[in-house]
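In the part that follows, the structures are each spelled out as structure tokens.
Same chain, two partners: chain A is paired with chain B first, then with chain C.
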Partner chain A sequence: MKLPSLRIYALAYLLFLYAPILLLPIFAFNDGTIIAFPLKGFTLEWFGQMFANDTLRRAVGNSLIIAGSTAVFATVLGIFAARAGSRFRFPGKGPIMGLIMLPLVLPEIMVGGSLLLVLLSVGIELSVFTVILGHVLIATPYTIAILNTAFSSLDVSLEEAAYDLGEGKWSTFRLITLPLVLPGIISSMLIAFTISLDEFIIAFFLAGNEPTLPTYIFSQLRFPKQIPMIMALGTCLVALSIILLTIAEYFRRRGIAKTGGKDTGGFL
Partner chain B sequence: MAQSAWSRIKHSEAANGLALVSPTAIYAILLLAAPLLTIFAFSFFKDGYLTVIREVTLENYIAVWSDPIFRSILLRSLIVAGLVTLATVALAFPVAYFLSFKLRPERKSLWLFLITIPFWTSYLIRVFLWKVILGYNGVINSGLKSLGLIGDGRLIEDPIQMLNTVGAITVTLAHAYAPFAILPIFVALEKIDRSLLEAGQDLGESKAMTFLRVTLPLAMPGVVAAVLIVFIPTIGDYVTPELIGGGKLPMVANMIQAQLLPLDNKPMGSAIAISAMAVVALISLGFVAMNRRYLRGAK
Partner chain C sequence: MIDVKPAPRNVIAAKVPLDQRKTMIEFQDVHKYYGDYHALRGITATIREGEFFSLLGPSGCGKTTLLRTIAGFEGISSGAVLIDGNSMENVPANKRPTNMVFQSYAIFPHLTVAQNVGFGLRRDPRSKAEKDKLVEESLEMVGLKGYGARAAHALSGGQRQRVALARALILKPKVLLLDEPLSALDKKIREQMQVELIKLQREVGITFVLVTHDQEEALVMSDRIAVMFEGEIAQLADPETLYRRPNSRRVADFIGVMNFLPARVLGEGNGHIQLDVPGLGPLDVTEEQASAAPNGGEAAVGFRPETLTLLYDGQTPLDREAPGTIDEVVYYGDMTYYDVKLDGVEKPVRISMRNVFGRPVLDVGTRTRVAWSPGALVLFR
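Now for the complex of A and B:
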């Protein structure tokens, strides 16, 4: 029979996907300076080291500012594009949407490298702000993908009813559309936040001397002494990502249920 | 009532759509299209000390393409990206098939969610974990040692050298891009009208033949999308060759980064980037053209 063997294969595949991540907590709590078996005792030392680290604290601060701003701006830009894309036909729609969605496939080194050239030749100094510019660019396609589902499962007749009852364009959007797509918006913000928090290449090119979490981690990987602390940090980062994604998924599903759409599953 | 031409334009669907998309479009034009054009323009400029001489020349391209190091790095990148694409798509197809055909609808979104989680969690950490796993004193070698399999006269003499090989880079990237391949294939499989499969079997085809003659051709748009969405970003990967290849097996992105940042030769870096992207675009277009007959019906 074919059915059970396919299921076993899929489960094995899932295990393969998660295997590296499962190692994180094991070594984050392991009382040994090298990452190897057999395990030594249990320790919280690496987490303590993590909290005592000043550069790391600054990196966390920067990353939170960048991720928060990215979440807001990418979602706002995503709302415009998803709304236009799912409701209107207009000339040049294909090329325009294609350009907006391009960062999905374009290697990040192209985005980061080309932005770096322009920023430097225009004379803008590299900072947290320039990282936000790049992150908004790469997060927007994902927000559009999520918001598209939210907007396209929205029933047009609800908005038409509001127009007929005398509401204007903006108040209809605020009173009818927005509450219905709000779960989609929250989900999109959380995804954009997670993308930005984990993004390395663009931050590496555009952050100048400011550390972000990933660039800080990258700079520490050369020092074997720091590895256990990085494992502890990675554990926190992965745990945070999973929590944010779970909340995002919850809101995405609620949004679809609210607008009466069918769950096609997944973010894309 | 006579409407002025302007107000007709203002209230047309096209104008509304364009007005609405304009903030995002302008952002993408300013921060994506313009930079890409700049990098294209820079690739024809000359590098002066600390400045760029704006004088159109093909020197950079001639230098790039006559450089055997560039050619071997590009070749390595293409081979790695090709292997990674082959591995991810081949391994992902059965999973996508399982998700689409063998799961009850209410279980699908849970599985999809579980598959996408690792894809969203820190890429850098996941790549680094492979270094920890494959290292000389890493998880695999130390695990084998504590099982008593490594040592003089044992099954394996010395710890296995896995890092700094093309194989290790391939495994790491294949793992990193796995979910990328599942989603487009899954979407294509979901679109298949199930009655077509029944029709195939009613007309006397075996299960395997139905799969080959109905399911697979209809899934091809998803497979093509999966190939492109894995192949193109993999070619431009920077982190994995740096961490897993130990910097000794650079790929194109490492070369671009070295020219743009430490060497500060922006025209040369641009020329490398444009050359690599041109090659990738050609291969991708060729691949799409090869599969045109499957894609035509997809619209």
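Now for the complex of A and C:
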């Protein structure tokens, strides 16, 4: 950071990245329906409007159900895959793991579109449930990545030692494996929850008539009067995301420290 | 550090000669395949009750695999493993009368020292007070009295090692398995732990099976050693036999330092073999001195560095002597290693001499005489 030009570049980069987000809370508390400077005054009206809105409450409820279920299902699938991947060697392991991780790079609009086609042709009605299916698909690669770290930093001898000392397969998992990978599991659930909560494309394709938070926000952007309320909602979401990510990272690091492993990367 | 109690529980060790004790572990033609890889190639051996037995070999020789077949962590492809007369076929690791000290120690990082040591007692019907007492006794036995409440992940390497030992011994297994338990420790602590392990083994009288790649460690600690190469036991003997009468050139090379000189067999008969060895001259060895394993038709004699002595002016050899020139001198404080080129031989032989007060260390290039004895040679042919 000796060159001033590099410093300016870094500052401009951060400004570009975060200035729009900083606008959210500013206008969320601004007493005026037009999103423009100068600011008019302080108000909590938009937050009040937000809590009074029935459709919004329904969207929040749906999103919480979807995100919660996605967190649980994606993490359970992630545990199976990460454990298989870090413990066992089997034929075709490389390609199989590659295919599981593929949704990470597939365009979501394609995933959403093809899922819609399949679900419709099979005859499954679009609902909250179909959104959960789609979200589990895209969140699972993330949970596997996190849980892989947790499982592979766990020394195999620990499980063997518990088994050697008379425990069975299940009690070994409960007494040794689970406590040691629990931080990884919590962190994986939080990440999956966050991914699902603000996912738009798949929810837009698969939700049918049910609103989720992102699709509701999108639909309201057409009405200028609603925009301050959306700003308030956005403020809440940004705060929630930051809190969740921080908790996730805290647990991930604690897990690594607990098993005495080395930090091989993370989100924060 | 370890207290040897006045009344040990089980004093098999050192009282009953090894060959009169009952068999604790028996390998009957054990084979193990990993896919196409033949990891164990017909292991047949017996380990006696209360024996300190070592599996020694370079990495990849199958010694750890063999240890894990005793523990039950590895199945076998054919043959049988018996512990105390019972076949271990279909007996899972958690039902076997063995406990293991792992190379990484495998101390449970989320538990305290006492919880670690008492882990195996979870299914024991005794009262909590009795178990606590057992844990405290076990910790005392390994020199960690009062450490029970500490967090396990905060211990040093040597302390982890002791916790692992206490945890494995608290269940009073018939066999304690140790997988390279000292390899992660630094030299001083390692040597101290070697002595402690021997004492501990004598005290508890449990059969110890140790895996190591360190020949010195095996020689120091074991009653008997099985030297393994490529999935086979090359030689199974007590440390002295292994050192003095290695049965193949490979074993000789792996255990300590051995000098080799090419030899020509002139004739044999009446239990003696006549040889001509360049640098040493014609000599006679007994048939007991000839190693069993063939050496590809090329005869060679081997001798340990300490069986040779440099003669100073005026000294006469006990047996025979050979002239030579000092090629290299390595000073170790208590010892000096000399590489000496015997006249007529290109490759120098290594001689180790204890440094004695008043006897000078000789210089490179000095003409010297080397005292040797045909009785100390091993013949490979």
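We take it that the second predicted complex is superposed on the first by the 251 of 268 C-alpha atoms of A that agree within 3 Å, B and C clash if a C-alpha of one lies under 4 Å from a C-alpha of the other, contacts with A are read in each partner's own complex, and residues count from 1 in each chain.
Here, contacts are C-beta pairs under 8 Å (C-beta built on N, C-alpha and C of every residue); 3 or more make two chains touch, one makes a residue touch a chain.
This structure is a prediction, so every number in the text was calculated from the model and none was measured.
On the superposed chain A, the positions of chain B and chain C stay apart, so the two partners fit side by side.
When both complexes are overlaid on chain A, the residue A:Asp164 reaches chain C alone and has no touch with chain B.
In the superposition on chain A, contact of A:Ile201 is made with chain B only, not with chain C.
With both complexes superposed, B is the one of chain B and chain C in contact with more chain A residues.
Contacts of A:Leu15 after superposition: neither chain B nor chain C is touched.
In the superposition on chain A, A:Ala52 contacts neither chain B nor chain C. With chain A as vertex, the superposed Cα centres of chain B and chain C define an angle of 90 degrees, given in steps of 10. In the superposition on chain A, A:Ile176 makes contact with chain C only, while chain B stays out of contact range. Of the two partner chains placed by the overlay, neither chain B nor chain C lies in contact with A:Ile247. Taking the two complexes aligned on chain A, the least Cα distance separating chain B from chain C is 6 Å.
Applying the stated touch rule to the two superposed structures, the chain B and chain C interfaces on chain A have no residue in common.
For chain A in complex with chain B, the residues that touch the partner chain are 2-3, 6-7, 9-10, 13-14, 16-18, 20-21, 23-24, 27, 34-38, 76-78, 80-81, 83-85, 87-93, 96-97, 99-100, 102-111, 113-118, 121, 133-134, 136-137, 140, 144, 191, 194-195, 198, 200-201, 205, 214, 217-218, 221, 227, 230, 234, 237-238, 241-242, 245, 249, 253, 263-268.
Of all residues in chain A, those touching chain C in their complex are 155, 157-158, 160-168, 176, 179-180, 258-260. On chain B, the positions that touch chain A within their shared complex are 13-18, 20-25, 27-29, 31-36, 38-39, 42, 52, 91, 94-95, 97-99, 102, 108-109, 111-118, 120-126, 128-133, 135, 137-139, 141-143, 145-146, 175, 178-179, 183-184, 186-187, 190, 207, 228-229, 232-233, 235-239, 243, 253, 256-257, 260-261, 266, 269-270, 273, 277.
Across the interface of their complex, chain A is touched by residues 71, 73, 93-94, 98-100, 102-106, 108-110, 119-120, 122-123, 153, 167-168, 171 of chain C.
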